[in-house]
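What follows is chain A paired twice: with chain B in the first complex and chain C in the second.
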Partner chain A sequence: MHNKQRLVFGYLALIPAIIVFAVFIVYPVFNTFYLSFCNYRTQTIRQGAKFIGLANYAQMFGDDKMWTALKFTVLFTLISVVLESVLGMLCALIMNRQGKTRALVCAMILIPWCIPTVVSGLMWNYIFAESYGILNFLLQILGVTSQPVRWLTDSRYAFLSILISDVWKTVPYMSLLMLSALKTVDSSYLEAAQIDGANKVQSFFKISMPCMKPIILVAVMFRTIQSFRIYDLIRVLTNGGPQGKTTSLTIYTITQYTTYGNMGYGAALAVLTFIISMIIAVCFQDGVKSKLEV
Partner chain B sequence: MKRILSLVLCLMMVLSLAAVAHADDKVTINFYCNPSKNGGVEAAVAAFEAANPGIHVEIVEFSSDTNQKKTTLSSIFQAQDDSADVFMMDCTWPDEFISAGWLLPLDGLYTEEELAEFIPGIMDICFGADGSMYAIPEYLNAGVLVYRKDLLAKYGYEPAKTWEELIEQCKVIQEGEAKEGNPISGFTSAWLEYEGLTCCAFEFMWDYGAKFAAEGKCTLDSAEAQQGLAIMRRMVEEGVTDAGIRGYKWADSQAIFNAGSAIYMRDWPSAYKNAINPEKSSVSENVGVTVLPSGTAGSFTTNGGWYIAVNAFTSHAEEAKTFAKFICGYEGQVAYSSKSGDLPTRPATYSDPAFEGTMTAQLYDIALTTTSRPSSAYYSEISAEIYTNAALVADGAKTPEEATADMTKNIQAILDR
Partner chain C sequence: MQAVQRKPGRSVGGQIGLGTFTVLFVLLIVAPFVWLLLAAFKSGKELYSMPVQILPSAFNLQNFKDAFSVQPLLKYVVNSIVVAVVSTVMIIIIASLVSFSLARTQIKGKRLVLLMLLSISLLPPVTILNPIYLMMSNLKMMNTTLGLALVLVAIELPTAAWYLMSFFQTIPDALEESAMIDGANVVTIFCRILMPLVAPGVFTVSIMTFIAVWNNYLFASVLNPSKKARTVTVALTMYAGETTTPWNTIAAAAIVACVPLVIMVLICQRRIVSGMVDGAVKG
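Presenting the complex of A and B:
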């Protein structure tokens, strides 16, 4: 009897969490799915949401701006995740070393992650600014360039600028995950390899990496999905960029949803982002599963 | 000990109830407004509260990004929330807000004679398709040319009367200053891809004779519009514009000018007020203001006016309407505009002693003739077409011909909805 009471109490205690989850996550997600099949705009909001089937999706696949945003987002995600993973692993290796300055090095590496994204975006704004930015100032003093480089307003450089800011911000996050992965490698394997005459590089790639693969895959999966949804950094730095060249899918979604008031179409774009994120998660899950079964 | 504690708690509860009861004597309405310029809003609100002791007005400042303001209001209205009782509305929003049913009709608030006290050209937007009045003009804005008196005098120039003249002057001055080791930009403004660029682009196109639409058809695919966009590209190509101009909003552009890094600036009158303020500008003694340069068809300036409207879902309709009428009234506008530098919408106020000798009195003629941007419930999308294409031309990624063709095609699709 006592056990049953505790069981009932346990379920009752879950109810507040379930309510919060239902109200703030389940309902909005289902509402967004429903809206994506409707014509719902602020201009005609009094008429409510009119069901129009797949018309929003048809419009989406014929929309050049959507394809541009998608291409940019995919390219950006690929490059930034690769860079962040590699640099994250390097930083993790540095943080893993024993030594007197370990705490200081760890703190320095982690600082970018602690700064809120919008604040670091504003900071990079001042660094990349064309006529008064520090970067251009340094480049001119060092004699590398004679004219100010238009880091944020030239479509060739804006991508690079956003990439640099994002990588700077996220490497600490990846390095923490990689560090935890490094810790799981059984030191007895490494010792055995050392005795057999393997050098540091060989033991890293042949022993540590295979041990860490499941954790690395999970970390990279999370980062890929996050990176795909990039919004605040781009919003602060270029607001969709010179000539719309740095508009990510999320920025385009929010522009449609809030600036143009086209909420049905915005919802369809949000559903697209959701589906792509799911596909990424499924791909990585399969990869993780096969590694674990080894 | 426990008794004393419970006694103190009871006392605190009673006192807080008394405070709440006292607060109920006054009606509090929330006024969502633009970031205050030199205390203009506070002055107008203080004047209102002095005349209406039973109403307290809570000032809630928006973000300085106009799109962000619209997003904030949209969220509030979609939730049918009553927190924004009275608010400032950009002159391009009324159509959309009226069709969404978010504005309280203000019928009966003004008589015909009272309505005639406003500048006539800006009143159309206030009325919905059903003939009801939904907004009241609070202040106007007209683009002005702010310039460095000392630099122009040094090279023997008068403020440029045409855009071509401005380009020539800037090239000479920039070369001269660079030789002295003091490189400077010629012209700065807000050419980031947002509403600010639409205002500038319209001015350039109107200056060369372009018209937005006639009889429901967009007429921007014209040689006049192309000329207007071409002069923007020429300014960038010849190094006259500031290097960062395609990333500036108004505040960024003002920062450049106030630091002494530009010869000319196109901005609103409040920017001139900041530029001559020693606390905000390092060149405050050397700044002049004049009308914008003209193209072949004259000098046009975009009306950046703001209107006052009342939330349709407010729970204090009477107090909100009283406040709206006051702040757009003679006293309210003088109190606001004398501090902020924005232009009033009542011709009678321009001869008020508060504006004597100020730039406001100088700009009376411009105020009467500012030109409005097209009004449409889908204005945001039309504006996006304009600023996207103007940006492409300024960056040299599209020729003016391609830009006006694309712009007109897409805008026509929006107008045909």
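Presenting the complex of A and C:
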């Protein structure tokens, strides 16, 4: 009796979530797929969406600006994820040895995590300012550079500026996740390895890493996908400039929606972002599997 | 045990190394934020002076006054609070039900539900942006706090459900069994026994959800562009003019936008850290 009642309640409990997802996630995803095969513009919205087959995709693959945005986004994702994972792990390894100060560090770590990306973007924008920015001032005092660096308007530095801002926001959180991964390693294994004569580097890669692999995979997977969809930070730092050099795929898609009112072509770009994100998830299959067990 | 623990990390050199790292790490995290904080108290002249003036010469609240008068910032703060509270309450209710169902019942298709939650949390928001925009304008829900709150429920629900699930899993079965023997039905067990037990978890997840909703920029800027229901994050990007960027006013507004979050987080930091860690390890 109780089990049956419990089972019925179990199914009923899922209904609100399913309704929310159906309306705000599933329907919009299918709608975007459909619109990507249509000519649909804000200017002629009353005429509705006209089916034009693969024309938007043909346009997309011939669009130099799309390729520039895609290259930027892929490169940014690769560099930021590798850098943030390695730095996160290094910080975690050091934090793992800390005694009393760890609580303080953990508290500080939450500041970059909790403030809005818009705020951290504006903050770095102010730090990177060319003539009155603190960073250029410090670099000039230290004699690193005699001319102020155009952090946000020189295409060679704009990428670096976005990377620095992203690292500041993400590494602290990443190191917290890595620290929690380190805590799962059974210390008796490490002791056994040490007795057998393994050095620290060996025991890290041969013992700690395999133990932590599931947690790290999930953390890196989420980071990769979040990095690939970067929008807020670039919007307030460079807004895609200079000369479109820091335009991410999401920035470009939204430009198509808002500036050109080209909802069909924008949808095709959104589908591309969707497909690449799913490919990333498939690449981290082992991580996905560990998330699917209750 | 003792021998293993006495690693070079405990030696004098190691201690100094660790100390240096700690100071450097904390400095790198805090310094940029402090720099923003200082800008909020500087006059326009101090802001652009060369060589750079580190400290403001007076404890000047003019920038905060400007931040609230150039734009109706107070109204936007209220809008943000409304959106974040409505979203968080709805998310907690729906996510608790989902977590209960997944963690404490024998329903079929759990893997499918988990796959759905995971896919949605991995979904790039840009994929659903335009249909949601069209839907909201058809429903006349553009520029409303409720419309934005509803959309953000869908976006933030999977993460909240995931964290809550790990709290539901920690409750021993025996507690529920004894309640069942006493004749309590499943709804009573859920409301009267399980929910109070996961209350600390609900508290942590509420704070994390509140922060995520408060910080949202993409949907807030697309769905609520007009003054009526604009949120703080969107307002922050609107202080800069075509030619001038009043960094002191922006800094003051930015502080207003994130000081509540920072205070909330620092008070509850232990719970949040352990919440995150549990989510990463068990989830």
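By our rule, the second predicted complex is superposed on the first by the 273 of 294 C-alpha atoms of A that agree within 3 Å, B and C clash if a C-alpha of one lies under 4 Å from a C-alpha of the other, contacts with A are read in each partner's own complex, and residues count from 1 in each chain.
As a convention for this text, contacts are C-beta pairs under 8 Å (C-beta built on N, C-alpha and C of every residue); 3 or more make two chains touch, one makes a residue touch a chain.
Remember, it's a predicted structure, so these values are computed and weren't measured experimentally.
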| item | value |
| --- | --- |
| Contacts of A:Ile79 with chain B and chain C, given as first, second, both or neither | neither |
| Which superposed partner A:Cys211 touches (first chain B, second chain C, both, neither) | neither |
| Partner chain in contact with A:Pro148 - chain B first, chain C second, else both or neither | first |
| Touching partner for A:Leu93 - first (chain B), second (chain C), both, neither | neither |
| Greater residue coverage of chain A in the superposed arrangement, chain B or chain C | C |
| Contact residues of chain A, present in both the chain B and the chain C interface | 129, 131-132 |
| In the complex with chain C, residue positions of chain A that touch it | 2-3, 5-7, 9-11, 13-14, 16-17, 20-21, 23-25, 27-29, 31-32, 35, 91, 94, 97-98, 101, 103-119, 122-124, 126-127, 129, 131-132, 134, 137, 168, 172-173, 176-177, 179-181, 183-184, 187, 190-191, 194, 215, 218-219, 221-222, 225, 228-229, 231-232, 235-236, 249-250, 253-254, 257, 263, 266-267, 269-271, 273-274, 277-278, 281, 288, 291-292, 294 |
| Complex contact set, residues of chain C against chain A | 4, 7, 9, 14, 18, 21-22, 25-26, 28-30, 32-33, 35-36, 39, 47-52, 93-95, 97-98, 100-103, 105-107, 110-111, 113-116, 118-135, 150-151, 153-155, 157, 161, 165, 169, 180, 185-187, 190, 211, 214-215, 217-218, 222, 232-233, 236-237, 247, 250-251, 254, 257-258, 261-262, 264-266, 269-270, 272-273, 276-277, 280-281, 283 |
| Residues on chain B engaged by chain A in the complex (per definition of touch) | 67, 70-71, 74, 78, 96, 99-101, 185, 192-194, 242-247, 256, 259, 261, 377-378, 380-381, 384, 388, 391-392, 395, 397 |
| Residue ranges of chain A in contact with chain B within the complex | 42-46, 129-132, 147-148, 150, 152-155, 238-240, 242-244, 255, 258-261 |
